[in-house]
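The structure is given below, and queries will be raised subsequently.
Chain lettering (A, B, C and D) follows the sequence in which the chains are written, and residue indices restart at 1 in each chain.
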Amino acid sequence: MTAALAFDLLLVAALVWSAARALTVADVFRGVVLFIVFGLLMALAWARLGAPDIALAEAAIGAGLTGALLLDAVGHLRAKREPGP
Amino acid sequence: MSRAVAALVVLLAAGLAAALGLAMLDLPEPAVRLPARVAAKLGDSGVDHPVTAVLLNFRAYDTLLEVAVLLLALVGVLALARPHAARAAAPAHPLLQTLARLVAPLMVLVAGYLLWIGAHAPGGAFQAGAVLAAAGVLLRLAGLLPAWAQPGLLLRGGLALGLLVFVAVAVAVLGQGSLLQYPPAAAGGLILLIEAGLTLSIGLTLAGLYLAGTEVEP
Amino acid sequence: MSVGLLYALAGAALVAIGLAGLLLLPQLLRKILAFNILGSGAFLILVGLGQRDGGIDPVPQAMVLTGIVVAIAATALALALARQLLDLSGRMRLPEDGPDAGAADD
Amino acid sequence: MTDFLDPLPWLIMLPLAWGTLAFVLGPGRGGRLAIAAIALQGLLVLQLAGQLLAGGARVHAVGGWGAPLGIDLLADGLAAVMLLLAQAVALPLAIYARGYFAAQPKGRELFWPMTGYLLAALNALFLSADLFNIYVTLELLGLAAVGLVAIAGGQAPVTAALRYLLATLLGSGAWLLGVALIYGSYGSVSLAILAPLVGADAPLAATLAAALMLAGLLLKTALFPFHFWLPPAHGGAPAPVSALLSALVIKATFYLVLRLWLELFAPLTTVAAAQLLGILGAAAILWGSALALAQTRLKMLVAYSTVAQVGYLFLLFPLATLVPPDAAESAVQGGVMQAVAHGLAKAAMFAAAGSMIVATGRDDIGRLGGVGAHLPLTLFSFGLAGVTLMGLPPSGGFSAKWLLLRAALETGQWWWVAVMIAGGLLTAAYVFKVLRRAFLPVASGDRVTRVPRTLEFSAFALALAAILLGLFGAPLLALLAVGGAA
């Protein structure tokens, strides 16, 4: 097994894991943080696929701006104190 | 939702994944090879980065509609934002403010660089616009920018500029050919013109999605 | 197996996770996360299958760039609606009963 | 084609431009601009129809590249009929909307930009010959429609908009997945390139893609049992929005189902799948009509009526799949005629319902007394639209159901005839439920106010058009026959 393949397999596993955890972790805030991690991992995946344009856009828009919007919504939700997943 | 329904949905999702996987492992050789066609026509596209050539020339029409989708989303967000008086900027940590004052101009420079480099290398209007928007979000977080739910005429013009320039170029070339058929000699310049407008408008729109959306608190 | 195909298969898994989440999770923020995960999976399949012979294909790459912008547009609108619902109802989830249930009155 | 006034690109660029300009002009502005522009779009469609009848289907290669590198616009008979419907419904509704929002200002601020994008998305979708480009038009259409549902605010509309948004996003997600599989299989997303490549021996990926895209479209078209999102969204939006959504937006995804079924995926269609679509259609007719009859709110009644009428559209599939060409042609004509007739009639019905609600100040079928006396033209329009939905002669609805009936009898599938007759009777029941209440005198304590004349006349124009369609449907069928599958 080459190092590149090992890296790809690890990255794929991390992608699937972070996606699943983002949806299932008990606290919504942590779910959003995991989603941002997922977005950054996606950016890595795009780099591995030879798509630096998408990697840039994913990091800036997919993880960055979407993350900012989601975090703000969580803040708003917490201000209203709604519990639960 | 009952347990039985949940189990059924999980089964459905797993079945879809399995079917997708099976389908992917049994694909024929594609009959059409677009990368070769892109490479063959790259010289006529006005740029030398293939992704930018697809995005702003070969499939520029997709991009035009996509810019409309983005502006439309902002229109929707604005329609939902209650016309409360713009919330006074929250007091932020002075360190964050200093940082924002330093970094924001730098980000504008980076955006300009990304826009310019997009013709030859990864980058372009969307990435540049995203960086501009990030600068806006940072300034907002530092409390240096007010939220806006009701943009004034100048701001609305800025938001619409990219799409209007794109549409204007698209129809201006109709006299000599089809929609968005740039004359080969002018293609590079026209693409840069469109991208410049788009960078500004995308930056404003993306920032607006945040600035208008985050303003509901009375 | 090529890199493209590997990521396309990962995309299939993400699609399944996103689909299940979108249908099952009641909280709207989770549904929005799930929709984004589903979309990311579809993007991976688009580029991954296009590049399964190991080359670079700029056409699906450009399509995904378009798709990412469309996705954030949809996400922003969904979040704005969800916040509005939170402000109006105090909850960030859709009422459980289907609309047909209350058909006779209301 | 190097014609500056070629209608194809202008039909898409004009609404994009006026929608954007309306946004720049500011909240509530742009109505007059919109009406003028839609009238111009109508002229362009007429010009296009003339070109098609004279010279056959037309392609416009955007960017001059041509498929598969570039994106093609294709105008054939089916696309032209849908374009005609869209502008014919949009023009009276735009006039109606100006009057409506003058009387009921809630939600008027950003109505015009969103409507501009909605029409641009519709026209772009009808003309697109590229699967990924259709994805972008679907998203533009979906977000515009959702935005319009939420435009007036309030808990019920916002909830309805969210439900609608999630449904429509899931639908486009399925479409995108299908596009990815198709690109992976064939290396192209152009309909013209793909059509000869997809055969009965298509790989699993293509079959899966077809199933995913079809499922996504059914969800967006609100075919039973995917109709759950439609009644609150169409019933809760401002009346001009309800009318646009019921008349046009769900027709756009139906149009895509039809196109894929008859053209790209025709080699993959089976009798079993066609029968399933027909059964879902039949269930929609009966379930939607029964629930319409059970409603107490006028706009919800009209919305459930849409659920039912969507069912008729899908009866064409069992009647047109793997049957003799004559019957198939008749079935497709019937289905398209139904789409047009329902579009006109339902726009008229929602417009009339909106006027009644403005006049009585409430959305309650039980309190419609006095409408017959004070708004006779509006009630007449509602009744005329009802005649079309019931399928009585000489309306467009009658022509549609007649064509479907003929196909059913020619192919020996009499059970669809029974469904259509039952649906017609139920439709009559819920239409008369409204008419009967409206002819009662004003209840004590209630009052019926006047509504602007433009509201009454625009609804009447739509209802009249639905009737005239039955008398003068032949040119439309001639247009439909241009260069397409029908």
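Following the convention adopted for this analysis, contacts are C-beta pairs under 8 Å (C-beta built on N, C-alpha and C of every residue); 3 or more make two chains touch, one makes a residue touch a chain.
Bear in mind that the values here come from a model prediction, so they are computed numbers and not experimental data.
**Student:** Common contacts of chain B and chain C?
**Tutor:** Chains in contact with chain B as well as chain C: A, D.
**Student:** Write down the pair of chains with the top C-beta contact pair count.
**Tutor:** B-D
**Student:** Just how far, in Å, is the C-alpha centre of chain D from the one of chain A?
**Tutor:** Going by mean C-alpha positions, chain A sits 38 Å from chain D.
**Student:** Please work out the Cα centroid separation of chain A and chain B, and write it as a whole number of Å.
**Tutor:** 19
**Student:** Need the CA-centroid distance for the pair chain C / chain D, whole Å please.
**Tutor:** It comes to 26 Å between the two C-alpha centres.
**Student:** When the C-alpha atoms of chain A and chain C are each averaged to a single point, how far apart are the two points in Å?
**Tutor:** Computed value for the inter-centroid distance: 13 Å.
**Student:** Where does chain B touch two or more other chains at once, residue-wise?
**Tutor:** 20, 24, 27, 34, 38, 51, 58-59, 62, 66, 69, 72-73, 76, 80, 126, 206, 209, 213, 216
**Student:** For chain C, give me the residues that contact two or more of the other chains.
**Tutor:** Those would be 8-9, 13, 15, 17-19, 45, 49, 52, 56, 61, 63, 65-66, 68-70, 72-74, 76-77, 79, 81-84.
**Student:** If a residue has to touch 2 or more other chains to count, which residues of chain A qualify?
**Tutor:** 51, 53, 57, 61, 65, 69, 76 - these are the residues of chain A that touch more than one other chain.
**Student:** Who touches whom among the chains?
**Tutor:** Touching chain pairs, listed by label, come out as A-B, A-C, B-C, B-D, C-D.
**Student:** Mind listing the chain A positions that touch chain B in their complex?
**Tutor:** 51-53, 55-57, 60-61, 64-65, 68-69, 72, 76, 79
**Student:** Provide the residue numbers of chain B that touch chain D in the complex, in ascending order.
**Tutor:** Residue list for chain B touching chain D: 19-20, 22-24, 26-28, 30-34, 37-38, 41, 57-62, 64-66, 68-69, 71-73, 75-76, 78-80, 150, 153, 156-157, 159-160, 163-164, 167, 170-171, 174-182.
**Student:** Which stretch or stretches of chain B touch chain A in the complex?
**Tutor:** Interface residues on chain B, with respect to chain A: 51-52, 114, 122-124, 126-127, 130-131, 133-134, 137, 206, 209-210, 213-214, 216-217.
**Student:** Could you list, by residue number, the parts of chain B that touch chain C in their complex?
**Tutor:** 1, 6, 9-10, 12-14, 16-17, 20-21, 24-25, 27, 34-35, 38, 50-51, 53-55, 58-59, 62-63, 66, 69-70, 72-74, 76-77, 80-81, 126, 202, 206, 209, 213, 216
**Student:** Note which residues of chain D are touching chain B in the complex, please.
**Tutor:** 1-4, 6, 8-10, 13, 16-17, 19-21, 23-24, 26-27, 60-65, 68-71, 73, 107, 109-110, 113-114, 117, 120-121, 124, 132-133, 136-137, 139-140, 143-144, 146-147, 150-151, 153, 158, 177, 181, 184-188, 193, 197, 203-205, 208
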